[in-house]
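See below for the structure under consideration.
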Amino acid sequence: MSTALQPVDFPPAARRSAFFAGALGLTVIVALGLWRPAHSFRSYLVAFLAWLALPLGCLALTMLHHLTGGRWGMALRHIWHASVNTLPLLALLFVPLLVGMGYLYPWAQPEVVADDEVLRTKQLYLNVPFFVVRAGFYFACWLVLAYFLNRWARRSPSTADGEEPRCFRLLSGPGLALMGLTVTFAAIDWAMSLEPHWFSSIYGVMFANGQLLAALAFAVLLTLMRGPRLDPDVQRDLGNLLMAFTMLWAYLAFAQLLLIWSGNLPEEIPWYLRRLDHGWQWVALSLLLLQFVVPFMLLLSRAVKRDPRKLATVAALILAMRFVDMWWTVAPAFPSESPLWRCLDLAAVVGIGGIWLGVFLGALRTTPPDLVVEELPHA
Amino acid sequence: MRPRIHGMLAEFGTPTDLVAAVRRTTEAGYRRVDACTPFPIEELEEALRLQPTRLPLLVLLGGILGGAGGYFMQYYAAAIAYPLNIGGRPLHSWPAFIPITFETTVLVAAFTAVFAMLALNGLPMPYHPVFNVPRFAMASRDQFFLVIEATDPQFDEERTRQFLLDLQPHDVWEVPH
Amino acid sequence: MATEVHREVHEQRESARPPLIGPGHNFATVTDKISALALSRPTSRRWWLGFGFSFALVMLLLLAISHLLVRGVGIWGINVPVAWGFAIVNFVWWIGIGHAGTLISAILLLLHQQWRTSINRFAEAMTLFAVACAGLFPLLHMGRPWYGYWLVPYPNTMQLWPQFRSPLVWDVFAVTTYLLVSLMFWYVGLVPDMATLRDRSTHRMGRIVYGVLAMGWRGSARHWQRYEAAYTLLAGLAAPLVVSVHTVVSFDFAVAILPGWHSTVFPPYFVAGAIFSGFAMVLTLVIPIRALYGLHDFITARHLQNMGKILLATGLMVAYGYLMEAFAAVYSGNPYERYVQVNRMIGPYALMYWALIACNIVTPQLLWFRAVRASPVALFGVAMVVNVGMWLERYVIVVVSLHRDYLPSSWGMYSGTIWDWATFLGTIGLFLSLVFLFIRFMPVISIFEMRTLLPEAKVKEELP
Amino acid sequence: MPQVFHRSFNTLSRVSVFGSLLFLGLAAWAASVYVRSSYATNRDIARDQPIPFSHEHHVTGLGIDCRYCHDSAEKSRYAGMPATKTCMNCHQQIWTGSPVLAPLRASYQNDVPIPWVRVHRLADFAYFDHSAHVNKGVGCVTCHGPVDRMPLTWQHGTLLMSWCLDCHRQPQMFLRPREQVFNMEWQPPPDQEQQGRQLVEEYGVRQLIHCSTCHR
Amino acid sequence: MNLIENVRLFGHSRFAIVGCLLLVLACGCQQEMARQPSYRPWEPSPFFADGQADRPVEPGTIARGQLRDNRWLVEADGARAAEAVAVLAAGASPLGTLALAAVSAPPPADSFPFALTEDMLQRGRLQFNIYCAVCHDRIGTGNGRIVQRGYVRPPSFHSERLRQAPAAHYFRVITRGQGAMPDYSAQIAPADRWDIVAYIRALQLSQDAPVDALPPAIRRQLVQER
């Protein structure tokens, strides 16, 4: 069973085409930015947040797995590590957003703040220098965590005599707590404050869960596509985990909807009014159906979880819907534009995604084989 | 015609022995065979050639029934039977109906799981012929039993007893009705 | 072969951890030791002492309820503006405690966490008893409990239906469903063990009672097949159900637009709090019982450590909830939201607030240390503190948000009366009495599942 | 010996499982029948009165209008029970020696009211205004039934909340023109629903099913 | 007490305990909200000496809406009118003073305190048919159902004496009774009494009208019928 020892691998051509597509997408966005900078930054923000979900989700999953253990994680761990390795790239890709803050965030526009009493009271938190400092802090936390986890993993892969080095768990506990806080506040800073009057205290949890779901779907998809054949039990567990995270997604989304819908308060409900009108309602409906109903029903079936191809299809669907969800969550915050302009959001997704995938595939190649082999579940 | 006895009972000491014995029994062509164990043994399903249970399907149906019923109940009450304007919310206020729909789904599905399991197993059945063998009390402790029922077409008191003895059990008994 | 190598690696890794069953046990000893707890006679003096104490509290509960039925809810401290007092606080507290059982059983079963086996039965029973105690409070709070059936939708002579847009009606459905499903889950899990007790019992009455409860279980492979399917399906249903129940409880508050209640983080944060308090209560009960009945072989140090870790994790989630609530108030810019937070911290109930922070956030941080997790006494202490803290949390949420309305003319103070306390203590007595009865007459640990954990339960396949 | 139960217990257990289900169903059915029965609601049960007053005789026989005795039906929350004086308007000369009317005379002489037994007793938490109903076109017969044919008075409706709601939810099926309210013989026209809708419009009938309409 | 009795008593007491416990359930039988301690009209009351919850009007007080501020509506009789004036003076409200001025001049013999309208005649007919027709019959000849059952027969409204009687006479009789006729002051409101009087006038006219007085259409109809 030599397949069992093969790491997930892609031909170099895949990397090249990813970089090419990325360059193309970024060119479109930059060209657009010269003409309509506001829109360009908006598309860029959506795409950035959507792709950021993968490395951050993978980072959290890695630490979660260090704490809980379980064979399901062994199969995915090297993908997580490779994905986490792309965090420096994302820190770099964040810089354009600092440039575009004035176009994106109403609270960063002095003339808007001057006219708005609520925003003036919020200036204590929502102001440009503090925003930059916080963003720096978030990335610093993530990069440090990523650095240590990867370094230890390379240096001391888990050995056959059982226990992993204790340092993993010592880091992962506080690390996860730190992740929870930084992801929450990053979500508040980067996405929620686009509509600075609105607030929802569940937002950070939803964001973090979305990242976990995206990362899990991504890792499952790659493993099933290119990796070794999985142990049926592990594969079933992965299917169940995907189902659990989709259910969690639906749960959180519904909880927020229900509470805001019942409250019907003027400072809360506009968020949904914007997202359930002007065509966005169809996006919302597709989220309900394709992010929850369809994957949930499919994952209930044991046959789907047993068949790698079917499970991979479901994972791909979930992953795709994660991007749609991020689009639906973030993009309606901006003043309404014609649907044609919205299509250009795709260019940013391809642009950032191409570059990210290229770097990720490179990282995947350099993931030390002993890490892969030793962590592999029995096939 | 009703056979004289219920069947033959053989006792084994370990799950491995029992599974092997059951395999040989089904391979020998016996069909009305059962195994009684102190805990579930997955391998017996395949050894006894059991069909996969229909329970998940029934539970799914129960869940769908419960969910649809629960939602309709609320819709009927709030929009048809007694349409009242509560705080300007629509009569068909679907977000508010989801929690109960979920609960009824789970409730009916759970009832289905339990009662279908009991019904398919024919429980409660406080009297069963195997209990007539005193040693069978060990089936709920640490011993593993194989039953060949007398209604099996291949069953013959002498030959079946011999067959069971060949499996090297701890002991073999006749099970009276 | 790689397969075999990795299976062995995995098994070795498993074996390197502390074992789930003490050494020297086989099917017979496991069976006999656990079933002896329920079958042994005479009843120990310590049991009578504990049960007697709890039962005295039950009498107190009956007294408090009788007084309530005669005089009405006016004997409690509730009044406008604080119309929700102890009853709701205790309801939420008990329901929260009732979450660990099904969670341990269902979710850990689904996650193949085998360490659940020795505590699941006990935790499930605890769930049932806690939910029963919880259910008492809304019923009594209605003032006329004998009309409780009006909450059930049925074609009645008033042509009225429950108001399905109200979270209080959701509560009825959620709690009832939870009680019924937990009961079925618990009972289905008990059936094979009832058969064991039926066959072990030497007393005629015992044989009949356990025999009726066992429903004629004989361990047939066909039965086991459907049994396992049904049990797993029940677990799959119960897991989201647990989450939904405390979510609905959180909706009781969050659907209202009252500052301090209307917060979208309430559902997940309440669920985490429920699991937090549930595990605390499991620890509170398991540690003494383990010591008293000498169950160290079945409830090992590893069990306690794992529960300590879960306590820490859920405690951090609860802390996250507090943080988000406070941050939301500041960030929202809403003066009323801000006021409620400030009022919690420095208002008349500030002492309660800081006590709850100390109990729920500060104390569990001790669990970062392995030494604390490894010491049953320390764990017991932390669990007790958390029990108190979770009660305080509900008290702060309920009372502080209500006691100062928008208009200073409708401000007021609240405190429980002696009857509030009597009812609360009484339910603790009811809970403990049921626990004592349970450990006296039922197998505290799932016997048949313990058997499956033994190495000889594995069928050794001869290679074809 | 593990055999604890006799073989008949298999049948017994099945019978008890299904029997208890059946029993519960029957009990629920019986309860629902009971609460609607005249035993529980007093419907159709003629009440014994201190004087066996016959509406049939006074209304159908003598043609006395409802309002002769119940003179506040149009103006007040209460339809009004006639004072002893009202009875004496006629009975000072008619049936003066009748032993049946002895309580009436005693009441008149001693200035003590006759303790009539109340036939229609609404729960105290239900607000009811007689004049509102009468003036919006609800006929006497609609709620009280054919009083003109009752030798002794009985309660015609169940007085259950559902009984109120049956009309409150669809008043157009029951309303009649105002001038027909006291007409005991009035029959709804074939197009009652349409005419009823017009009356609902004309009389301004609204706010009928809010909780606070009756429970205030 | 012997042993057997002891055993039987024990058995009984067990039943008694169960019975007591079942009695607890009976608290569900109370309907406190359906029977509240407040009184409804005509309820008996053990509290008051006369055993009634309804209280008589306190002497010297006037209930809201019962101020008799129009003497002609209240009393057509001179003696009672003085009493009404006294009440009004005691009230001394602006409205009362105004009403007092309005009624201070004695009315002519057959005048009504207000202008007659079609509606008032309709109302008068309705009230007449309810309260009067039982004896006086529907056209006022005095042969109503009650009279047929043995009540003293009232005089016909169409007698010359009654046709000549002033309107105030009828009002006074309704209010105070006369001969066998009881008073109807409790049953018929003062304004309604005037309406009835007006209708009686119409009845009288109907039985004794000269043909010339009829409207042309009806006159033509009469001619045709003849």
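As written, the chain order gives the labels A, B, C, D and E, with residue 1 at the start of each chain.
Here, a contact is a pair of C-beta atoms (placed from the backbone, for glycine too) under 8 Å apart; a residue touches a chain by one contact, two chains touch by 3 or more.
All figures in this text were calculated on a predicted structure; none of them were measured in a lab.
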Problem set entry | Chains contacting each of subunit B and subunit C, listed by label | A, D
Exercise. So which has more C-beta pairs touching, A-C or D-E?
Worked result: A-C
Exercise. Chain with the smallest distance from its CA centroid to the overall CA centroid?
Worked result: C
For this session: With chain centres defined as mean CA positions, report which chain is farthest from subunit A.
Result: E
For this session: Averaged over CA atoms, how far is the centre of subunit B from the centre of subunit D? Could you give it in whole Å?
Result: 57
Exercise. How many angstrom between the C-alpha centroids of subunit E and subunit B?
Worked result: 80
Exercise. So how far apart, in whole Å, are subunit A and subunit D when each is placed at the average of its C-alpha atoms?
Worked result: 68
Exercise. So which stretches of subunit D touch two or more other chains?
Worked result: 2, 4-5, 10, 13
For this session: Please list all residues of subunit C that touch 2 or more other chains.
Result: 159-160, 165, 198-199, 211, 215-216, 240, 247, 251
Seminar exercise, completed: Each of the following residues of subunit E touches two or more other chains, namely none
Problem set entry | Sites on subunit C touched by subunit B in the complex | 26-28, 31-32, 153, 159-165, 167, 169-170, 173-174, 176-177, 180-181, 184-185, 188, 192, 195-196, 198-200, 211-212, 215-230, 233-234, 237-238, 240-241, 244, 247-248, 251, 448-449, 451-452, 456-462
Exercise. If you look only at subunit E, which of its residues touch subunit D in the complex?
Worked result: 31, 33-36, 38, 40-42, 44, 50-52, 129-131, 134, 145-146, 149-152, 180, 182, 184, 186-188
Exercise. Within the complex, which stretch of subunit A touches subunit C?
Worked result: 1, 4-5, 67, 70-71, 118, 121-122, 125, 160-163, 173, 177, 180-181, 184, 188, 199-205, 237, 240, 247, 251-252, 255-256, 258-260, 262-263, 265, 267, 376-379
Exercise. Of all residues in subunit B, which touch subunit D in the complex?
Worked result: 82, 84, 124-127, 131-134, 136-137
Exercise. What does subunit D use to touch subunit C in their complex?
Worked result: 2, 4-5, 10, 13, 32, 35-36, 158, 160-162, 165-166
